[in-house]
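You will see two complexes here that share chain A, one where it goes with chain B and one where it goes with chain C.
Take a look at the complex of A and B:
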């Protein structure tokens, strides 16, 4: 069971998309698992033959549990790591997941903090892909019974559970603020030229191919961090591991509340047109709860843009184990002094939240200046 | 339809059976001159004569065995045993002969025998006349075990039992004999359980003398917003799984009310079947209301305290809902 984020402790296998004996190649989607962030498609990182499936659909297992064997005899430890090579999360201590319990052992039962779930509620929840963890029910001694299972739940297990997503955000952000010594920088830049360039470019494009300012922000940020590795990579096991590739986590707000930041891979080398297409696809799938496993784990730095929400500055909380978050406020008309004259200009405040264990303010300031320079020459992006 | 008692219904069934088939005869302790210890066969000796209404010595094993022999010989005997406690003297005949001969003869000989007996407590007859051991008989393959609780069943089950080619035991709860009602003309089967009250929130499963207490408890529950379904087992062997389990699957809760003792009881068997078949439909553990595990006491207040009663049934039903109802 791969870790799909700092906050993930266990996942429920929803379905297998491959069977034993199938030949698989790197990148194939072999299974769907249910996490707090919704149903996620699991990709494989090896070529070979799927030899055995170790986890049945419906089973919830801790992160690190072998779920399948590729090429040969079961070797649980090796298989587990090969199934999730991109996981940077130190393996969460496997805790037994209370999938079932023996009612004949009241002492064991009392030690649990989770409410009881009736057999009927358990079956209905499993069929509908609903996680009842943490629910308090109306049955005997607070047991969750069939009538307590939310009726608005999706009939299929794919999709988003906003309550669970909020829990996941809470866990990740609390960990970030507990462990990461953040420092913050802000820099307001002139965006007038970029805006004019964008309008001219879009005038020649069909609506479906038009670029958004967010794509420029993403590309400029990706190019900048590619040159300054102290902001691109993971902090794990008490040391920083810089990343050569730049996979920008794109913060996507979910209607109804919630946030997810899937990775847009190699953002620094994609053309603006490709980048824009991938952004649209990613936002679309994130809001439907159809992200892939690598998209939840691969981001090396997060870019968050508030768009037209109208506030000037965004101070982010770093998504562990990343070490930086670059924020863009709303584009606002402001008076600026240009060659001795006060002029109305389009401006944007770029902010940086960075991990002080890895970088210092001086380096952060250079990063923001680099992004500014790149945005002044949008034609080169 | 005129008003009649459960006792009248059984007597009418006997009369009709004796009239319908000359192979039918009744024998047992005090069934003739005395008219039956519960007055079920009163007047039958005068009407049908000593050939067909036969008083027997106090020898349950002997006259039950004679009944088996008569059945094998082509007659249709109805053996009355005064109470289920006394039937233990005939247990060897019932279990080792009546229940096995068809099997051991390779299907050559059926035993078309009907045994009626009184069961249950509540008449201050103390520990040797008050027990409910029908659950024991329901353990035995080769016989059918019936527990009529209504006027219709008291009348109709006897004829159905006589028509059955194999041994049938009929348990008449002593508290039902004076119960009055009217008889309908509906045909009675000896294969199915009956839903005596439809409901959607909980299934109360019972039989015999406890049926009426359970129906009363269901009304109490209804006044508190719990809509109980009441199932009358009617046939204790073989159990009608489809009716029982179907109801529990709908209501997701079950309480079994059984005048037998709890340990190793019919209630235990039903509870196990619910677990085996509809565990994943349940919203609460199965509850049981059984007789206290003591010899049935003689004093009225202690006898009442030992038996399933309405408040206990209500409490057990409510326990399956927790605190919200």
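Take a look at the complex of A and C:
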């Protein structure tokens, strides 16, 4: 069971999307687990053959518990997974099913010649006496998954449990405030030029290709931290490990109260159009509770933008083990002095919450000034 | 398209953008962003939905007209009429 953040202690296996005997490739999604941040798709990080599944759907196991075996003999599973195979022989079939279930389990080899069926789908079909032979499902390569079983309500709603999410936020934020000596800086900048540029750019684009100001904030921040490593990386085991790559955590508010900050990888090198498309996908999936495991663990710095309905300034709490959070308040019309004349301008306050174990206010101030300079030239982002 | 058809399509689009909101609670003149906690990403998604389902080509400058149900339907009726 992978750890998907400092705050995660256990996860519930919802569904296997691969079966023993399947060839798997790095990046494949092999399972769905339920966490405090919704249902998360678990990716694998090696190539090989899936030899055994050690945890049954529905089981909750602690972080660190083996849940499957790739390229090897199945090992005795941790105590938590009592339904794990007791045999050490490579398993051809899915993990042994407890006696109480699936009295007439279909022959898995027969099933695979037609279409692959996930263990959860097979179990439900067996329980309900449904024949899945010949059926094509919505899983990988047409595999039948539990949601495809006719007249069956999904075993998991891929929704969000806001009470559980609050517990995750509480654990992470309490740890942050306990361990990280935060310092805060704020800088109000003129955003008029960026706003005009954005309006002109969007006027020529179809809705699906339009940009939001949030995409400009994200790109400018990513470019700035790429040049100032003291704000991009992880603080673990009493030392800071800067990251070469910039994976921005995008703070996404959940209607009804909740927050999750999935990673948008390599935000500093994506074009604004690509960045916007990825951000839209990420926000939509975060709100449905459909994120991937790497998206919960990869972020090297967090960007939080309050949007047009927000207030002027946002003082963030750093998400451990990261070392900085860059905040953007609402874009507000304010009087500014431009070449000796007071003019109405669009403004935004950029804030920085940073870890004083790693950087200090001078470096933080330079970072905010860099972001300002980048936002004054939106056409170069 | 009739006003009723436009209204139905608008509510359907809104439901796809934010499935958790109860469209029966909708006050026609209340700002959707206030009532349902919609942000700029939601409004963009709504614009995309209306473009895809109604063929409504809503210029960026007119997006603010979508922020209440009454103004949105009024706007879409003129646009599509």
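Throughout what follows, the second predicted complex is superposed on the first by the 297 of 381 C-alpha atoms of A that agree within 3 Å, B and C clash if a C-alpha of one lies under 4 Å from a C-alpha of the other, contacts with A are read in each partner's own complex, and residues count from 1 in each chain.
The definition used in the following text is that a contact is a pair of C-beta atoms (placed from the backbone, for glycine too) under 8 Å apart; a residue touches a chain by one contact, two chains touch by 3 or more.
Just so we're clear, the structure is a prediction, and the values are computed from it rather than from any experiment.
Applying the stated contact rule after C-alpha superposition, one finds that A:214 touches chain C and leaves chain B untouched.
Applying the stated contact rule after C-alpha superposition, one finds that A:143 touches chain B and leaves chain C untouched.
When the two complexes are superposed, the chain touching more residues of chain A, out of chain B and chain C, is C.
Applying the stated contact rule after C-alpha superposition, one finds that A:253 touches chain C and leaves chain B untouched. Legend: residue contacts after superposition of the two complexes on their common chain; A:307 is shown touching chain C, with no touch to chain B. After overlaying the two complexes on the shared chain, residue contacts for A:284 are found with chain C alone; chain B is out of touch. Common to the chain B-facing and chain C-facing surfaces of chain A is no residue whatsoever. Interface residues of chain B facing chain A in the complex, by the touch rule stated above, are 252, 279-285, 319-322, 324.
Within the complex, the chain A residues that touch chain B are 103, 118-123, 138-143, 145-147. Against chain A, in their complex, chain C makes its touches with residues 18, 20-21, 33-34, 36-37, 39-41, 44-45, 47-48, 50-51, 58-61. Contacts from chain A toward chain C in the complex involve residues 199, 202-203, 205-208, 210, 212-214, 253, 255-256, 280, 283-284, 307-309.
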